[in-house]
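The chains carry the letters A, B, C and D, assigned in the order they are written, with residues numbered from 1 in each.
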Amino acid sequence: MVVHDRLLDYYNQVRQQTVALTKGLSAEDLTVQSMPDASPGKWHLAHTSWFFETFILQKFMSQFQWFNQDYCYLFNSYYDTVGARHARPQRGLLTRPSLDEVLNYRQHVDAHMREVLTDRAEEVEALVTIGLHHEMQHQELFLTDVLHMLSHNPMHPAIISNNNEVLSQSASTMNMLSFDGGVIEVGALTEGDNTWQGFSYDCEQPRHKTLLQPFKLASRLVNNAEWIAFIEDGGYDDSLLWLSDGWARKNQEQWQAPLYWRKLESKWYQYGLNGLRELDSTAPVCHVSYYEAEAFARWQGKRLPREHEWELAAHNKKITGNFLEANRWRPQPSAPNSESFSDIYGDVWEWTQSAFSPYPGFDPKQGALGEYNGKFMSNQYVLKGGSCATPSWQMRASYRNFFYPHQRWQFTGVRLAEDI
Amino acid sequence: MVVHDRLLDYYNQVRQQTVALTKGLSAEDLTVQSMPDASPGKWHLAHTSWFFETFILQKFMSQFQWFNQDYCYLFNSYYDTVGARHARPQRGLLTRPSLDEVLNYRQHVDAHMREVLTDRAEEVEALVTIGLHHEMQHQELFLTDVLHMLSHNPMHPAIISNNNEVLSQSASTMNMLSFDGGVIEVGALTEGDNTWQGFSYDCEQPRHKTLLQPFKLASRLVNNAEWIAFIEDGGYDDSLLWLSDGWARKNQEQWQAPLYWRKLESKWYQYGLNGLRELDSTAPVCHVSYYEAEAFARWQGKRLPREHEWELAAHNKKITGNFLEANRWRPQPSAPNSESFSDIYGDVWEWTQSAFSPYPGFDPKQGALGEYNGKFMSNQYVLKGGSCATPSWQMRASYRNFFYPHQRWQFTGVRLAEDI
Amino acid sequence: MVVHDRLLDYYNQVRQQTVALTKGLSAEDLTVQSMPDASPGKWHLAHTSWFFETFILQKFMSQFQWFNQDYCYLFNSYYDTVGARHARPQRGLLTRPSLDEVLNYRQHVDAHMREVLTDRAEEVEALVTIGLHHEMQHQELFLTDVLHMLSHNPMHPAIISNNNEVLSQSASTMNMLSFDGGVIEVGALTEGDNTWQGFSYDCEQPRHKTLLQPFKLASRLVNNAEWIAFIEDGGYDDSLLWLSDGWARKNQEQWQAPLYWRKLESKWYQYGLNGLRELDSTAPVCHVSYYEAEAFARWQGKRLPREHEWELAAHNKKITGNFLEANRWRPQPSAPNSESFSDIYGDVWEWTQSAFSPYPGFDPKQGALGEYNGKFMSNQYVLKGGSCATPSWQMRASYRNFFYPHQRWQFTGVRLAEDI
Amino acid sequence: MVVHDRLLDYYNQVRQQTVALTKGLSAEDLTVQSMPDASPGKWHLAHTSWFFETFILQKFMSQFQWFNQDYCYLFNSYYDTVGARHARPQRGLLTRPSLDEVLNYRQHVDAHMREVLTDRAEEVEALVTIGLHHEMQHQELFLTDVLHMLSHNPMHPAIISNNNEVLSQSASTMNMLSFDGGVIEVGALTEGDNTWQGFSYDCEQPRHKTLLQPFKLASRLVNNAEWIAFIEDGGYDDSLLWLSDGWARKNQEQWQAPLYWRKLESKWYQYGLNGLRELDSTAPVCHVSYYEAEAFARWQGKRLPREHEWELAAHNKKITGNFLEANRWRPQPSAPNSESFSDIYGDVWEWTQSAFSPYPGFDPKQGALGEYNGKFMSNQYVLKGGSCATPSWQMRASYRNFFYPHQRWQFTGVRLAEDI
């Protein structure tokens, strides 16, 4: 019973959270796809439901029938073993099913999932847990994808209010805090624990030892004022600061500032889900690629952290911060004069210089769910700490997010490090 | 008063016809763009209203104010002289304004246009006339663009019913009818006539003499059964039948049949606005490119008509046929055993071998409206006769439609010709 | 015997002319390919020999053996019916056979062709004639392709001397000469005449009547000074002057002047086979696309000629001018104060507004040689009159050259026309 | 004096080795570029000389003058700080300077370098050392680039003889050898040692400790017979075996076998510098991408080694094997029945699963030479051990070669590893 009540409660909260994100968005907003990397909001709503229908209801529901056989094809993502699927760049062509039909689909799945969670909670706990974590990942993508799509609208639509905020006045000092390094343990605290409490992804396992040299880590994130200084110092025009691939990409895509920055009459603005607003100089810089982050660090005579340096620094910190549930969906300035770390969790994902690669002893799970993370282990970089669009339940020190070094539409920022 | 009543009536009919086309389509359906060549339905609804607001209301309405200044940017198409505009391939990213706002915009424009048409009909007749012809062109594009977008949906949505039609059983005979040629007059009957009755586009002018050799023209359009024979004879695999550019395009886009044809278990189907239906063997072939049409004609030992051959054959024919107002929006089989021409108007646009180029004495109009046709006079071919998606008011023997030889999403078909 | 002597003489002259073009060029120069449209010089040398080996020696030579079986694959161009062929964009990867081997191949073919021409001249006259005309076309391409390749070399290599020329001082007046039009005969004077004297290409046939309206044609070509005026008046930046496709291409390829023009310290230079030289203001403008030519004409309030207007004006003019045999390989200023036409032949190919399309009654020849011209009848424009790289034997009033409207690496220029 | 004699001797040997590689190649062979990743042979000959002229002669030669000022532009590679440079993909358009001129340039540089090496050896030792190592890297690229270019020739040219080799009959057993792991030292043995003996690249530094888990490493390389088994088991068609990026690339480039493999009448052949030869089943597989290597390892239930696992296994092995100096330029079968490692050095570069990233404490050198390795630290993987085209002087356990995971034109192969 305990499992049942608890899991059902988690299930209800996560699923409701997803739908709550659609507030202020029209069926049109949720249908359009702005680039192959991003999916329409409606697709996220449907795909996360398809996950439960396919991997749980199909097996555990009595007298199972597909809600709509076509959805198996339309809302499969990259699970090749589950069958053919609609091509990713064409997700935005699905004007049908309508938003209403997709919301009905969610309710159908939820009703039957509640039955299964009532009757067979222990059997399905592991699968439901992974399903809810999967859904939380899509909550973040829902926001970043909607933001990317709306950013193309010259009318700069806002879907959340600005909450009468005043722009902050003074930034906290950035201190470089020292760490000894040595042999430390990293990775998921538990392995093979399929409970909600013990959940971690395959790529965080197994927990293992690694050796770190002494290093320093910045007490706070790089902020917008510092980024403007980088721009004004010609940072985007000095090839010596950039990785070769980064320089090529910068030129190809003509980057001159972070994504969503706009310069109007010599003043910088930033587009966000609250519309086009004057840039807050003390807020963490956001929507920068790995290449930009890396160039900025070199410009500062520093470097990006390694993933396990970050993990060491964060491992005993409380998991609190500006997460999705705060409904701000944009990074906030650090508290001024913080003595030690600030922003270590939430606000922006922090690029590390660690390539996303398998841990020693990594064993990709077999079957459809096992396609999950191992297949992405090339050309991507690990990011740590979560962002203002990350559900807090997802977060832990061992969590490894990963994106390509040119990608900018996630809430990604920079914490500096250096060797001692 | 006469001008006023008549024009107002035309205005009302054309504008209502446009909105009537949205029946059965959702806001989602009308927002998405499936390729750069095609525009979202919502964009067509707004752009045609922008035309009246910009070229008429702005000048003739008392106490004019823009409905929404942003729309000038969003819904301008290619009128460079009128100002900057939203990039064409990004029209599908405009989830806002919503469909409701666009329909309000139409009502706003209509209300003020009715005032102007009541008060100043004579002054605006020429502009209103061109505006309505422009809107009728967009009615056809509305249908072809929606069809193209929906064709990407694996669920094969139908937006019109099939009307319980039976597939026709017997095709009419294709006869090659002889014409003497000689010096004939071609082009618009009137020039500089800005009335509704006298309207023609700049590219149809001036009326002039041309010399034709004797020729034959087929009594009816090529039908689907004949096209299947072409396919089965290896027509898509024999480079000798194809223009060099056509062969390259066919290979690049992997054409093996007309657009929207699907082969399921060795039977041919065609997707249309009435869904996926078994192919009607006696209906005119549709959605073929110039390249395919030209290859088919060569396979038959024949050729495509010249635009003025077609014009000669059609010039005294009644303008009647399967047009947009029939609400069928797909080509219909010819009446069997027709003695002379059938389908000369309506059903499908007929590719001619004539490049779209200026008539002797062609004088492109100055200013924004003058950007209209002359700038497209390269690389495109003339099509004649109108289609099942063409408003009948648009049609006349001198009408020159034009598309690129690789384009297939219009209702385009084939009538054969040969030299004598 | 007459046929034999005459044909052999033509054969020897044309074949030697080709080899003579290699003077001053290294094996390296003749191997590299600078774009898919252009072929390496070595390829031209080999392909023209392959033509004689395949279409004549194979059939008429006693005890025929292939010189090298691989060459059939390597040096076939677009004759699909003759077998598989090396992909055009990869011609520049053929470092082997070496230039020496290709020159040996030419000698081998020539030795055997001379035998055939001695023994069986009447039988092969038609084929040899077409082979030599084909070779003359490749002579021109040889020069334009070598020029294009060398133009990428920052050292501006010259392969011919400048002949101590002085830049001309005064341009002749451009007069607009009037023509009555009417029904005229156009096309090849003879048809089905396979002798050297009677030769014409399939696309020039059949001779037929056409009707022209009255028109004017400029007495001389547009010159460089006039083109500079166009540039300085913002011609490359005014979208109203350009065809829609032309404007897109111009932006894509960032044209700001004709190909091979370079501006160094506010002075214009032109790269040519004689190196980088100061621009001669009175020489005909050269290396402009159809799109540029068309925009220039509109800027002048004029238009480009139709192909048959040009043909009418030229039909009784002597075929003399600055052709390939003059070994200048760049256009020359017109004689000042010419009363009537100048430059009608030679110097630069003159763009016409006529799409390259079949004449009434056009019947493409069957078989491999028949693949020749008909398959290119889409998207290209007719050019008239020959250039400084055209062998004079090729020229006649009915000759129809054709290129795509964006192409600029041929010696292409502009003569203006207008309606009366 | 010791420095002088020794360095001069190294200089002479390395420089002569480069020129010796041109044997059997024509000026044409050395001019053409087959893809942007590869450079023409002539370019390598010139660029390596430009390096000495720019970084040494310019500073240390008395009365220095540029051999040819244009060469600074033409033969600079990626040293942005040294000035503008010719675009990499256009290196193949440089038919001039000729091969003879480039060889003269080499002699000019060599003559003056010998003077400098005689007079000022100690001052230039560090620079000469890096210059010679740089040149040795280009020796390998010279061979791989020439091979890639010649592979496009349908005549399959051979530039070295096959040496009457018999294909080997029996493969050695592949044993998985165990290692304990633990904290080990990796990286260059010396740091800041600029002598010939102490040389290492910046990216190998600093030497530092790392922690390895226990692992196994295969006693020999994967061979061609094993790769055929992978192909025949559907390895190229099973998405579950592939990284997501690898699967996309495989489909895009239509890989069905290693680069240079050809299947003729159901038998496998391999193109190499000795021409097209029947595949040697016991030779190491070569010319596979990281993606293929990784998929193969997964198919085997194993994985690729980490760079430091390889380094641990190799660190006390003698540096001997099938290197460039053997003049075989293709991998050789392992000795059968080897007890421990074979092929650890030479034959093929071994892909590791380690991303090319900076070592802890890495400090990129300042200035032009410092642009060297740090800027490539993204998206590439480390390869170890050298190949049949690597000069043996270059090799050491800490050497980190790096290429993109899709690249196949280097001599790259596979050694398997697994966790214990």
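Methods note: a contact is a pair of C-beta atoms (placed from the backbone, for glycine too) under 8 Å apart; a residue touches a chain by one contact, two chains touch by 3 or more.
Keep in mind it's a predicted model, so treat the numbers as computed, not measured.
For the pair chain C and chain D, the fraction of shared interface numbers is greater than half, so the two copies use mostly the same residues to meet. Measuring from the averaged C-alpha position of chain A to that of chain C gives a distance of 59 Å. Computed from the mean C-alpha positions, the centre of chain C lies at a distance of 46 Å from the centre of chain D. Inter-chain spacing, taken between the CA centroids of chain A and chain D, is 38 Å. In chain C, no position touches at least two other chains. Remark: the chains found to touch one another pair up as A-B, A-D, B-C, C-D. Against chain C, in their complex, chain B makes its touches with residues 78, 80-81, 183, 208-213, 215, 239-240, 242-247, 290-291, 294, 303, 306, 353-355, 357-358, 360-361, 371, 375-379, 405, 419. Those residues of chain D whose C-beta lies close enough to touch chain C in the complex are 26-29, 31-32, 34, 70, 73-74, 86, 90, 92-99, 149-150, 152-155, 157.
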